[in-house]
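This is the structure I want to talk about, given as C-alpha cells.
Chain nomenclature is as follows: A, B and C, assigned in order of appearance, with residue numbering initiated at 1 for each chain independently.
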Amino acid sequence: MIECNNLTHYYGEKLVFENLNFQVKKGSILGLLGKNGTGKTTAFNILNGFLQPTGGQCLVFGEDTQHLSPQAKARIGFLIEGHIQYSFMNIQQIEKFYSGFYPKWKSAAYWELISKLNVSLTQKISTMSCGQRSQVALGLILAQDPDLLILDDFSMGLDPGYRRLFIDYLREYAKAENKTIFTTSHIIQDLERLIDDVLIIDYNKMLVQSPVAEFRSNFRRFDFELDNEATELKKEPFIMNIEKVKNKVELYTFSAESDVKKYLDDNKIVVSNFAQVRMELEDAFIGLTGKY
Amino acid sequence: MEKISRYILVFIAVLTLAIFLPKLYWMAFEKPVWKPFVQYSCINNDFMIQRIREKKWMDTKGKEYSREEYEQTLPMMFFKQLLASGTMPDSINGTALDMRAISREKSFFRLKASEIDAPCPDLYPLFESWSGRAKLELPEDFFRITWRIEFIEASTNKLLEEKSQLFSAALFHNGFSFPAKLISGLPTPRKTCDEGYLIVDSKDQLFHLKMIKGKPFVKKVDIPEGVKFRHISCVDFKNKDFYAYLFSDKNEIYILTQNDYQVIKWLIDGYDLANCDLKIFGDLFNYTVAIEVNDRIKMIALDKQFQVVNTYGEEWPVKEDMLEGRIFASLFPAQLSMTSDNSKFIRFYFSPSNGFNWIFVNLLLMTFHFIWILRRKAKLKNHLADLVIVVLSGIFGFIAIHLFQNKFFD
Amino acid sequence: MWKSVFYKEWLKTRWFMVGYTLLGVLCIGYLFLTLKHSFAFTGGKNVWFTVLFQEQQFYSLLKYVPLAGGLTIAVAQYLPETINKRLKLTFHLPLTENKVLLQMQAFGAGCLLISFLMFGGLFTGFSLIYFPIQMVTNSVVTILPWLLAGFAAYFMIALIILEPNWIFRFCYTLIGVFFLTIYFNSAGATAYASANPVLFILTALLSVVFVFSAYRFRKGEV
C-alpha cells in the first residue's frame, strides 16, 4: 500500500532523514514513533503530497505521492494533525459537502458516530471542543470508507475518553474491513492498543521496523546496580542505550542476557541486583531513543 | 499549468516593472529643462529670446538686453507695462498705435497634440446665434450627427423630431453626406458670440452650421482639391478675422476667414499634428507661430497677409541626452507607459531606449543568473526560458524571474 | 463534484456576497438619486454640459466598488483555506489539485460577474432615463476598466493569500498594487477605449496565476 524508498529530506542545510526505507502492507496498522523533530510530520506531508522530498520517492497504491491520481486520493482517508477541518461548516453541511466527492460514501457510518455527540445539527465545528471535532473527523473518515487511512497524530488535544473511543472504533473498523492504517501519536500507550507494526525513527535514521510484539520481545532492558558508582560503562555497538543515575543503571539492547553479562565480565564491572525488566511500548521507545 | 501560471506572472511583473521602474528612475533623477521663450519683435524684425533660468534676454544674434529693453522690443506683448512706464511708442513702422486696435488684434491660440488624439464628445449644444441677448445661453437640447442630425432635449432625454428633420433636410439639401467625420465648435456659453459649428462630412466636405432664430443656417465651404482635415479648432478672437484654424492630415495649417469663407493655407512646414505643441500669437502686425517638440522649437513670423517674414529654430538637450538619460538607456531596454504627452487616450505606449548599451547590461544579468543556476545545481534545461527572458527584458525580467521563482519545476 | 466545491465556496462567501451586492446596489441607487437631484435643481442641460465637456463623470463614486468586491470575495474564499493550512484538505479531495482550484476560482469569479452584471444592468437602465445611448455607452466604456480591476484584484489576492512565504506575499502585493493602478489612470470618458481589449486579455490571463502559489504550497514551501 505504502512504499518509501531512499527517502531523504533537508530543511535548508539541516538533515531530517536520509535514505529512509519502509513499507506498509495491506491490512496492517503501522505506527510511526519518533521524538519531536525527527521528521514524523515531514514524512506525513511527503506521503500526502504536501512536500517534495529532497531525494527518494514515496509510492501509495503504486503511485508517486507527488502526483497522486484522484482515484488514489479517493481511497485514502486523511487526518490532519489537530483534527483540522472546515470549521466554518456545521456537522450537517460538512457531511453534505464530502458526500458529493465519494461514490462509496456511507452516510450511516458518519451519523452513527455523530449521534453520540450532544450537538445540534446547525452547530458550527469551530464552536465545538477538541474531542467533538475529533469525532466529526473520525466520522467523516469512516463514511468515506477508504482503503488506507493516514492519521497524523490522532490523539492530539484529546482527553482519555475520546482517545479510547477513537482507538476502539478504528481498530474494529480496520480489522473488520481489512483496512490499512499508517498513524502516529504522542501518546504511545494509545498507539500500543491500536497498532500491529511499529516504525521508530530517530534523528536522521530509522531504528526499528517490525511487528510490535517482535520488537517488545527482542528489545530488552536490564537493570543493575554498580558497586562502584564511578565505573565508566563503555558504549559498545550492541548497547542501544544506557541510563545511569548514581549507581543504578538501565541498559537497553537487542542482544541476549548472556551478551550483556559477557560485556560486564569482559570489562570487569561488578554489579548487583541484575534483572531483566519487562517493558511496555513506551518504555521501550524511551529506552531506544533516550530521555532528553 | 503551474509553469504557464508562472510565466504569466513573470510577464505581468515585467509589464509592471517596465512601467514603474523607469518612472521611479526619472522621479529620482530628472532635472528640469528650461525652454527659451521666443517672440517676434516688430521693432527689430527679429526674434527675441528670454532665457528664464539664466535670467537673460537676447536676440537671435546673441545680443543681450536688459529686461526693460527687451520689453520695449515687444510693444504688442507688453503694452500695458510700457504704457505704465511711459515708454510706449506712438507709432511703429509708420502705423499709429491705437490701444483699442492693439487689444482687438491680440490673440493667442494653443493646440497640443493630446487635444487632437483625444476622445470626442458625441453631443454638442447648438446655440441660438441671434438671440438678441447680451450673454449666450446654453440651449435646452443637444445634437448628434449619425445618419441624420438629431436634437435631444436634455431635461426629458427625448428626441425633438421636428427640429431634427428640419436641420437634417437643410444639411442634406446643401450636399451633406452623413455621418459626420468631424464636428468642431466652441461648445460653451463663455464666448463673445456664437458661430455654430464647422463639420466635415463622410466625403471630407466642409460645412458651416448655425442656428439663426431657430432656423438652420448651412453653408458648404469650398476647400482646395484633395485636402482632408484631420482637426479643426474654432476660435473666438476679438478681430473676427477667421472662424477657425484647420489642420490637414498632411500637417498643413489653414485658416477659414469669416463671412467670405476663404480657406487660406499658411506656408508653414515642420509641424506634425501627432507630436507638436502649436502656439499662434496674433497681434497688430504679425502672426507668430511656435512649433514646439520637447527638444526643439521652430518659430515662424508671418505678416498680416500670411507671408513668412522670418524664421528661427533652436534645439536643446533633453533628459535622454544627459548623463542620467544615457544611464537610463543602458539600464532599461525600453519603457512602457499608459499615458502620453501627445494623446489623451490611455494605451500601452512602448518606447525603446536609444542606442544598444542595454544589450550589454542584459547579457551581464543573464550571466549572473546563469552562475546562480550553476550554484544551485539546477538543471539548465528547465531554466533556459528564464535566461531568454533576462536577455530580452533585462533588469525587468531579472527581477521578475526571481520574484516568481523557478523552484520545484526541476 | 463541482457542485460540492461550489457548495463549500457558497458557505464561505454567501453573506459577503449578499452584503457586497446590496452595498453596490445602494451605491448605484444613491448615484441616481444625486443625479435626479442635479437634474431638478441645476437643470438637465447643465448636467449634460458638465458630463460632456467638463469631464465630470457622475458615476465616479463607482470607481472602486468593483475592486472592493474582488477583494472581499477573494478574502472570504481563500483566507479560510489558509488558516491551519486547511488547503491540505482541499488538495486531498479526489480531484486533480488544479481542477479543484479552478472550480473554486470559477465560483468566485462567477459571483463577481453576477454582481457586476446586476450593477451594470441597473446602471444602464437608470442612465438611459437621463441620457441618450451614446453617453450611456461612453460611461460603460469608462467603467469597464474598473470592472476588470475588480476581477484582476480577485485573481491577484487569491495568489497572495495562497502563497505560503510571507516575504513573497509582500512582494506579490507590491507588484499587484502597482499593476492595478494601470486600470485607474485619471482620464476623461472613453479614454480607455483602445486599452480595454488589452486589459481584458491581461485580466483573463491573471485568472490562472493563483495555481502558482498553490503549487508552491503543495511542494512544501514555507
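Throughout what follows, a residue touches a chain if its C-beta (ideal position, glycine included) is under 8 Å from a C-beta of that chain, and two chains touch if they have at least 3 such contacts.
Given the structure is predicted, the values throughout are model-derived calculations rather than measurements.
Because contacts link the chains only in sequence, without closing, their graph is best described as a line. Ranked by C-beta contact pairs, the top pair of chains is B-C. When chain centres are taken as C-alpha averages, the shortest distance to the whole-protein C-alpha average belongs to C. Centre to centre, using the average C-alpha position, subunit A and subunit B are separated by 76 Å. Averaged C-alpha coordinates give centres for subunit A and subunit C that are 47 Å from one another. Averaged Cα coordinates give subunit B a centre that lies 35 Å from the centre of subunit C.
For subunit C, the set of residues that touch two or more other chains comprises 219. Multi-chain contact residues of subunit B (touching two or more other chains): 408.
Shown for subunit A are the residues in touch with two or more other chains, namely 52. Of all the residues in subunit A, the ones that touch subunit C in their complex are 45, 48-52, 70-71, 73-74, 76, 78, 80, 82, 84-86, 88-89, 93, 96-102. Interface residues of subunit C facing subunit A in the complex, by the touch rule stated above, are 1, 3-4, 7-8, 11-12, 80, 84-86, 88-89, 91-96, 217-220. Those residues of subunit B that touch subunit C in the shared complex are 1-2, 4-6, 8-9, 11-13, 15-16, 19-20, 118-119, 121-125, 138-142, 144, 152-157, 187-188, 338-339, 344-348, 403-405, 407-408. The touching residues of subunit C, when paired with subunit B in their complex, are 39, 43-49, 52-53, 98, 128-132, 134-135, 138, 159, 168, 171-172, 175, 178-179, 182, 185, 187-195, 198, 202, 205-206, 208-212, 215-216, 219, 221.
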